[in-house]
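Below: a set of structures, written as structure tokens.
Look for chain A in each of the two complexes below; its partner is chain B in the first and chain C in the second.
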Partner chain A sequence: MDKPLYEQYFNYISSLLHGDWGWSFGTSMPVMELIKTHWVYSFQLVLLSSIFAIVLGISLGIFTAVKKNSRADHIAAFFSFAGISIPHFWLGIMLILIFSVRLGWFKTYYDTSLPMLSLENLYALTLPVLTLGTGMVAGYSRYVRSAMLENMGKDFVRTARAKGLPESTVIGKHVFRNAMLPVITIIMLDMSGIVFGGAYITEVIFGIPGLGWMSLKAVFADDYSVVMAVTLIGAFLTLLFNLLADIAYTCLDPRIRYE
Partner chain B sequence: MKLTAYYWERTKRYRSAMAGLEFIVFLIILAAAGPFFTVSPTHVDFNEKNMPPPGFMLEQSMYNASSGGFVTTVQHGSWAHPLGTDGMGRDMLAMLISGARVSLLVGLLATGIAIIIGALIGITSAYFGGAMDSILMRATDIFMTFPFLLLLILIVYLFGSSLTLIILAIGLTGWTGTARLVRSETLSLRTREFIIASKALGASHLRIIFYHLLPNILSSIIVLATLSIPGAILAEAALSFIGLGDPQVASWGNILNAGQGSLQTAWWVTVEPGMMLFFTVLAFNFLGEGLRQAFEPGGD
Partner chain C sequence: MCGRAALLSAGIGLSGCLERASEGVNQSVNTTSGAPKAGGKFIEGASGADAETLNWILVADATSLGYIGLTLDGLIAYDNNFNTVLRWMKKDIEVSQDGLAYTVTLRDDLEWSDGKPVTSEDFVYTMKNLMFADWMAYSYAGDWKEDVEGKSVFVEPKVDNETTFTIHRKTVNPEFLYTVTDLNVYPKHIASRYEGDVKGFTQAPELNDLSYTGNLGPYRYKEWIRNDKIVMERNPDYYGGRVNGEPYFDEYTIKIFGTSEARHAAMEAGDISSTAIEPEQVKKFKEMPSVQVFTVPTSQYQMMQYNMRDNGWEGLRNKNVRQALSMAISKEKIIQQVRLGFGEPAYSFIPKTSPWYDETGLLKLGAGALYDKNKAKERLVEAGYGARKNNEIQVINKNGSQIKLKLVTNTGSNVAESTAFLVKQELADIGIEVDIKLVPWETELRKYYINKVPGSDQEPRNNNGARAVSEESWDLILAGHFVDLLQPSGSEIFFTSDGGLNIYGYSNPQVDALFKKARSKDAMDKNVRKEVYAELSKLVSEDQPLDFFTFPTANIAFKKGVLGIEPGINMNYNYQEWYFG
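Moving on, here comes the complex of A and B:
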């Protein structure tokens, strides 16, 4: 600690690269070990929520785009606005209040003793996934809808219809594939925000011992090496998903090539 | 001014946007005038704790020291506390009004700070281009990689949780989106004839920026600002919810945090502030979306 700042920084970076992420004073174990035990809880939550949100959001988006301006579209639009606007930490508490406290269908906290790959675990994650996923579903369905509508007016769609292709092929193959391009990018760019935004609070509400829960405890315990590590992971994830979005873009759309 | 009237007419056509605006105006009036009509939001009265709103009742088993056993008491709501009281006997209505003040303050001020910083950086970056553009945009990129909420938590934890600091922290971390939007809008305007013409007439950089560029990107900025307010309000609420809010003021997040523990008995303590948050965010989103559609050229 008595060395000049640049030397300390250099030491920190070089030990990071050697796999030594520092010592967590709050829990008396290496930060690396701590992350190794906690990351999987965040991962399962984010993975399940993403699957839920992507499947439901895309289907809802396609449905509302096809039935544009119908009653169903307006209702869906209202619900997606509600879904975007509902504070997810409050949604989580309300879900606990209704389904755990009143109806008693779920436990009010997440049981960590359940084996990771089991139906019980999936069941226990229902409320957290709903909490985190609702806002995502609402957002994605809006993106998909506008991307679909944008493509539906294009010339190649008219050509496809003129050729006499069935409507399902036109929507499924011609419109959907083109509409997915911007959607995939947006989903990718959203992802790091979800890991350290939505999932963070969701973990705190349900007591899921993921990275968010861990880093919040570390902040309160002045456990600076953990906080530094988690910030670093956050920045790394942002960069990673940016890169993945770029890669996905070039793979899906051969017209785009980086020189 | 004529243009403002034109856009106002267009916005008025969106019923949801108008409903949003009405709710926001209602909230502003409530926040401004409400405290004169309610009891102090910090007035603690343990004799009146966990009182439900009128029409509801709450059964509680309490330990009775004289008989040495548990007795079930039934707590009825009273019109003295139309929205009930929390676990410390504080009046929910007064606290919700105080929370409306906090949320509006945070939403408007933090967004204001973020928009001003973002607009300055975006315009400078695009207008001057070259090295300035590279430096500012790389800085923005680096800033964007920070996990936003974690950064806020860290700032507030390190420097103490006062409302001023929370507003500053949200404002100082939330400008990246604006910077990017303003930059791209400015880039597309920069080479237009009217800008080049005023440059040829010898207008100074400041004049071009403030008289020619800014008015033309103002509509995008207004829309973005309206749609950013919910984010700022929710950020403060989330911070308060995890226990890092300003303990001196009753904000919606603080009430939620306090009410979370008594979910089993006093459900209204968590339901009410959440409802307020939800409707406020919804109102700003509706208004922003209506404005966006109204400003869109030919978008009907």
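Moving on, here comes the complex of A and C:
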């Protein structure tokens, strides 16, 4: 601390590059060790929730777009809005009370001693994934529906139908592919943001020692080394997912090329 | 388990470790016939903050002490009747006739993990080179100092032989015995590698993973996942288990929950073996066939601290104003409405469970005739904080503005939140507006507790002198103080002018002198000491640096199958003998 600011900054960056991310006085361990231990809990939760939300949300979005204004569309809309509106902390506690306390199907908290790549672990993550994923499913289904409907009225769709292409090809190949462009952006932004913040409430309720909970505690405890590390990783992930989104655009729309 | 005699400040309702201490009653022993069975995994559910370190000399929180205590027994424990139970000692501490020498005789079968014997040299080294060292800045170093010819000096520990050491004092302190019994130890051959190097000592892997603890405790460190759990495994070499094979659990886990609701749900579902229960849940848990709930007194009081420092409302520096505010808040309402009857009114810093408790002369503000909002208003007017208009009293600041106070308390506890709202309502009745700020315990400690003189290069501490202030301003803080029932003079850290946890800036030279007297030769006579404590309690209750609310009773739930528990005072003193039936 007795050195000039620029020197301190240089030393910090140099230590970062050498894998020394400092010492967390709030947890009494090196920050690098802390991140290495805890990132996986957040990652598996976000990954599984995202897969769940993407598969279900997109399917629901396509279905409701195709069945626009039908009874099924209205029911799906109702559940989508409910899904967006229900707070995670309420849904999580309700799921615990029903499925863990009443029915005894799941443990009331996430057990970190389970092997990471095992069916037991997958089973243990069911309720947390449902809690985190429900809002995402609801959101994605609405985005997909609206993007699909926007594209379904366009000339290239009319042309495809005029050519006599089967409806499944029109919807699956032409409409869906174009509709995914804006949806990809939202999914990628969600994934980058959720790792260090969005999963916090789910982690707290189910006792998952992920980075969301860890970073928030570090903020409250003024554990600067941890806060700086998670901010840095958060920034890196935002850039990474933006890059992935850009790459995904080129796959979905051949007109987009980066030179 | 939690510190044997730790004096700690704590958030309300944070169950970092199971409550210990009681009123000295012996309730029925919960056992079955036949020998205890070994096996099973015991999981204790806790809420709030995780431990900060397992390096015991750096500890300042109850949770950390609780974790460490599973692997390091300590010199003694106290049973439910305050009787001494020898742990690392072969016989009780011998105090010389003149009260100046304390001789500790260790068992000769204590070993570090590398097989080297634990010797008196380790203890003397720990004291002289670590606890008393300037570079270490040990929080409780003050307990090991005495005033000699106007100078504050450390006591002198000396090795007598392999298993015996003596601590020499130059002045008599009748309560020093309790300080000695709290002594802990590091292996000299490991700790000396880091001597003089604060960073090295703080980050030393052997000291942070408790891998040196050998046979000194019933459990051994297995795994600590921050904000999740600490897992300790049965120590087969435990010196205390050579006859009967204790401890009986294969693993002892402390699992951290983010919310009390999740913790209660885990207990209800049978996923954990034990946890503290919040008052509103007690009835429900008592009716569950699979759960047993023990209601036990605690060694703490819950209270509201008045900020007398420069960043608090100026009125709080006036004793009469503090008394008036305490007079407007009903202790009975707190006990009945918030704690649902689980507690007793508190008027002193010495809990009723202590043998030194004396009600004589205590100012019982907030109860009986001294719970009177009109009188409270009149006192505030007399102090210059109000005006009379048509027989009505309006409580206002000296400049005529509305009095607004900021009340801070910790999140994660229904009791803390409900108490805060009750205080808000009570003070609103006398015309004072209270703004409640709920913050996590970690934030409370760092933004509202630690302080320094503005503009100075002081290292922030809980009491950096009269002119020091915390980063965030505050007027009232709801919290709890754990106290040592047998040694109330330890509370000097809360009430003397330079007390290490006197965060509110309280100062009364008479109180300072009496705390010194309680630790002087005069107080060797128990009657004198009793008088000193009675006088101290009276003075502090008159000064009201804090409004003593309640001596709470704790409700601890266990799975029905957990046996060997002795509910009552220090109910965890024999936790190594618990087993699954």
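In the analysis below, the second predicted complex is superposed on the first by the 248 of 259 C-alpha atoms of A that agree within 3 Å, B and C clash if a C-alpha of one lies under 4 Å from a C-alpha of the other, contacts with A are read in each partner's own complex, and residues count from 1 in each chain.
Please note the rule applied: a residue touches a chain if its C-beta (ideal position, glycine included) is under 8 Å from a C-beta of that chain, and two chains touch if they have at least 3 such contacts.
Source: prediction; values computed, not measured.
Of the two partner chains placed by superposition, A:M152 touches none, neither chain B nor chain C.
Using the contact criterion defined above for the overlaid structures, shared-chain residue A:L34 touches chain C, although it does not reach chain B. In the superposition on chain A, A:M191 makes contact with neither chain B nor chain C.
Contacts of A:V204 after superposition on the shared chain: both chain B and chain C are touched. Of the two partner chains placed by superposition, A:L45 touches none, neither chain B nor chain C. Residue contacts after overlaying the shared chain place A:A65 against neither chain B nor chain C. In the superposition on chain A, A:I96 contacts both chain B and chain C.
In the superposed model, A:F81 makes contact with chain B only, not with chain C.
By the touch criterion stated above, A:V227 is placed in contact with chain B alone, chain C being left untouched.
Chain A uses residues 93, 96-97, 101, 108, 204, 220 to touch chain B in one structure and chain C in the other. Note for the complex: chain A touches chain B at residues 81-82, 84-87, 89-90, 93-94, 96-97, 101, 108, 192-193, 195-197, 200-201, 204, 215-216, 219-220, 227, 230-231, 234-235, 238-239. Contacts from chain B toward chain A in the complex involve residues 16, 144-151, 153-154, 157, 230, 234, 237-238, 241-242, 256, 260, 263-264, 267, 270-271, 274, 277-278, 281-282, 285-286, 289. Contact residues of chain C toward chain A in the complex are 49-50, 52-55, 199, 202-203, 208, 225-229, 231, 255-259, 261-262, 265-266, 268-269, 271, 439-440, 442-443, 446. Of all the residues in chain A, the ones that touch chain C in their complex are 23, 25-30, 34, 37-38, 93, 96-97, 100-101, 104, 107-109, 112-113, 203-209, 213-214, 217, 220-222.
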